[in-house]
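The same subunit A turns up in both complexes below, where it pairs with subunit B and then with subunit C.
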Partner chain A sequence: MKRLIIIGGSVAIVLIVILAIVFFVRPYVFHGTVIQSPDPAYDFTLEGTSGPVSLSDFRGKVVVLYFGYTFCPDVCPATMADLARTMEDLGKRAGDVQVIMVSVDPGRDTPETVEKYVQTFDPSFIGLTGTEAQIAETASMYGIYYFKHEGTAATGYLIDHTASMMVINQDGRLKLVLSFGTPPADIAADLKHMIN
Partner chain B sequence: MRRRILIAVLVLVVAAPLAFAIFQPIQVLPRIRLAPGFSLIDQDGNRVTSEDMRGSFVLYDFTYSQCPEPCANLDATMRQVQDRVGEIDLGDVPLRLVTISFDPERDTQEVLLEKAQAVGADPAVWQFATVENPSLLKTIIGGGFEDYYAQNEDGSFTFDPKFVLVDGWGTIRGEYQYRSSVPEADRIIRHIGVLSDEVQKSTGAASVAYEAAHLFLCYAK
Partner chain C sequence: MRKALVVLLLTLTACASQGLMVTDLWARPSPQMATNAAFYMVIENGTDQAEELMSANSSACGVTELHEMYDMGEGVMGMRPVEGIEIPAGETVTLQPGGLHVMCINRLEDFTAGQIIPLTLSFKNAGTLEYDVTVREN
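For the complex of A and B:
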């Protein structure tokens, strides 16, 4: 009987340990789509308020890259507001993250207007623009589609565009694609995991 | 006794991941990189964009209709995949096939329509298209899909015949070099099945197991 208790107890301990291991060392499940490419993300060079800015300038930081435009009526301000809340959630770790918005409206957005727009959400955000060709190439390389169409007299033309956010790790590799509407707490959790 | 339990636990800690990596109880396809953003015009004159492809599995190939013989017969593989779609449990995710021409000057809408009809393409599944903005051709095919092509002096093209499988989130999950001697359609169909399995089963607690499969590179052959 004593022997049975010892064996049963041992099996129970082993099972508990296995469950604990599975729980504590289980792979982190991101809230977005993970990319496993060993190649560096496309290294664009676009125009900021202080001159050319390249993705490679931010090696060592996690970059959240978003394509939008300042006349955008809905999706862009909502995304920028979510990213601003994400930065608040990150607290001290916010300094390890750089949010960049690339304008898909180079006809109306200048480096100054994009910068001013993004910094109304968070002063650390950067806004970039470029020529039509530079923007088209950069957007395509990040899986972004955009298309200009008629709006109203009040809005002028509008631009439909992919609303995903691209997350590039400290080594310059695209690691994560977050969908529009991902809650800021989830974005912050993913970014913290990448920072750590 | 304590020592034995400790050894057993240590063996399990090492053996469990090792067993997962060796026996691969779950197989997945790698998440290679993002497919490019694009806007194409198909054989019926409709605009087809990368956004339209979201939510579908898409198999792409890249060629041109004036390709002189002997030319890589990519259409035969695409046709096989089209005809054998019923073999795969796709769940709620449709499969689409897109043949992109890198010769927009000669592959006009009419030429593409003729080509689609000649190879028996079901327009609901398989579209023939070329890019809407030719200046982005190299970016989309060469840069995004990483398929090499170059035009020769005589107007023909030297190109790398290949197929690219993209999931519903716009991530490239498979790249297949065309080889005339290999029945590539079998592998592609099997891989679409693996992808579909992941989409259907990778929910809740099972998503951790699928993440482990990615972590241990349990990739389908």
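For the complex of A and C:
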């Protein structure tokens, strides 16, 4: 009987240890698509309100890169509002994150327009634009699709665009792609994991 | 008291006979630089007839149109105008971010949280109805 208790107890302890290892060593599961790239993300240089801004200016920070346009009434403000809530969730760690919106509508968006637009959501956000060629190059390097098409007489042209957020780690590598509509709490959890 | 009850009953009767309910009308505070905005709402068609939202109008917008965001696959979102928004008999259609919305083009005023914006909706059966849209974060 005593032997049985000792064996039973040992088995239970071993099981608990295994479960604990599995639980604690289990890799973090991101809320988006994880990218394993050996190369640094494309180091764009685009126009901000106080001159050229490059991705490499933010080395050491996690960068959330979003491509949109200020004329967009729905998906872009929804994403910016979600990212503003993410920054609130991050609290003190928000300083380790830089949100950048690149305009896919250089025809209508000036650096001032994009900057003022994004800063309505969070004063730390940066808005950038550039020439048609610069935007096209940057978008293609990040696998961002955008296409201008006719709207109505009132809207003028509209732009279909990839609404995903690209997350670049502190070393300048594209690490994560988050879909439109990812809850701010999930984005914050992913960013916190990358910061740590 | 009796008067109040009569008014309440009349109101209830009016609601029941109409059978169309538009609730939770909201819009996001507009970024200062944004030309456009969107109105969201829940439309419940309690009648036994298909209903259609045909158009919208607001004094806060230069032009008001019905639009739809749609998923084009691989993370690409497109936006297109729609002729009307159908609400089948007994069903509810929700206008929400990433889907259907009433687009406020050439916004004429800043939308600040807590503000109320008038919106007129024209339905095929129910006719033209007036609503208040509340500006809030989400």
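In this text, the second predicted complex is superposed on the first by the 196 of 196 C-alpha atoms of A that agree within 3 Å, B and C clash if a C-alpha of one lies under 4 Å from a C-alpha of the other, contacts with A are read in each partner's own complex, and residues count from 1 in each chain.
Definition applied: contacts are C-beta pairs under 8 Å (C-beta built on N, C-alpha and C of every residue); 3 or more make two chains touch, one makes a residue touch a chain.
Model, not experiment: these values are computed from the prediction.
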item	value
First (subunit B), second (subunit C), both or neither touched by A:27	first
Partner chain in contact with A:86 - subunit B first, subunit C second, else both or neither	neither
Partner chain(s) touched by A:129 [first = subunit B, second = subunit C, both, neither]	neither
Touched partner set for A:70, first subunit B, second subunit C, both or neither	second
First (subunit B), second (subunit C), both or neither touched by A:151	second
Partner chain(s) touched by A:117 [first = subunit B, second = subunit C, both, neither]	second
Partner chain in contact with A:177 - subunit B first, subunit C second, else both or neither	both
First, second, both or neither for A:103, with subunit B first and subunit C second	neither
Which of subunit B and subunit C A:78 touches, first, second, both or neither	second
Overlap of subunit C and subunit B interfaces on subunit A (superposed complexes)	145, 160, 162, 177
Contacting residues of subunit A [partner subunit C, same complex]	70-75, 77-78, 80-81, 112-114, 116-118, 120-121, 145, 151-152, 154-155, 158, 160-164, 177, 179-181
Subunit A residues within the subunit B interface of the complex	6, 10, 13-14, 17-18, 21, 26-29, 33-37, 39, 42, 133, 136-137, 139-147, 160, 162, 166, 174, 177
Residues of subunit B defined as touching subunit A within the complex	1, 4-5, 8-9, 12-13, 16, 30-39, 49-51, 133, 135-136, 139-140, 143-144, 169-171, 207-208, 211-212, 214-215
Touch list for subunit C against partner subunit A, complex	28-38, 62-63, 65, 67, 69, 72, 74-81, 97-98, 101, 103-106, 137-138
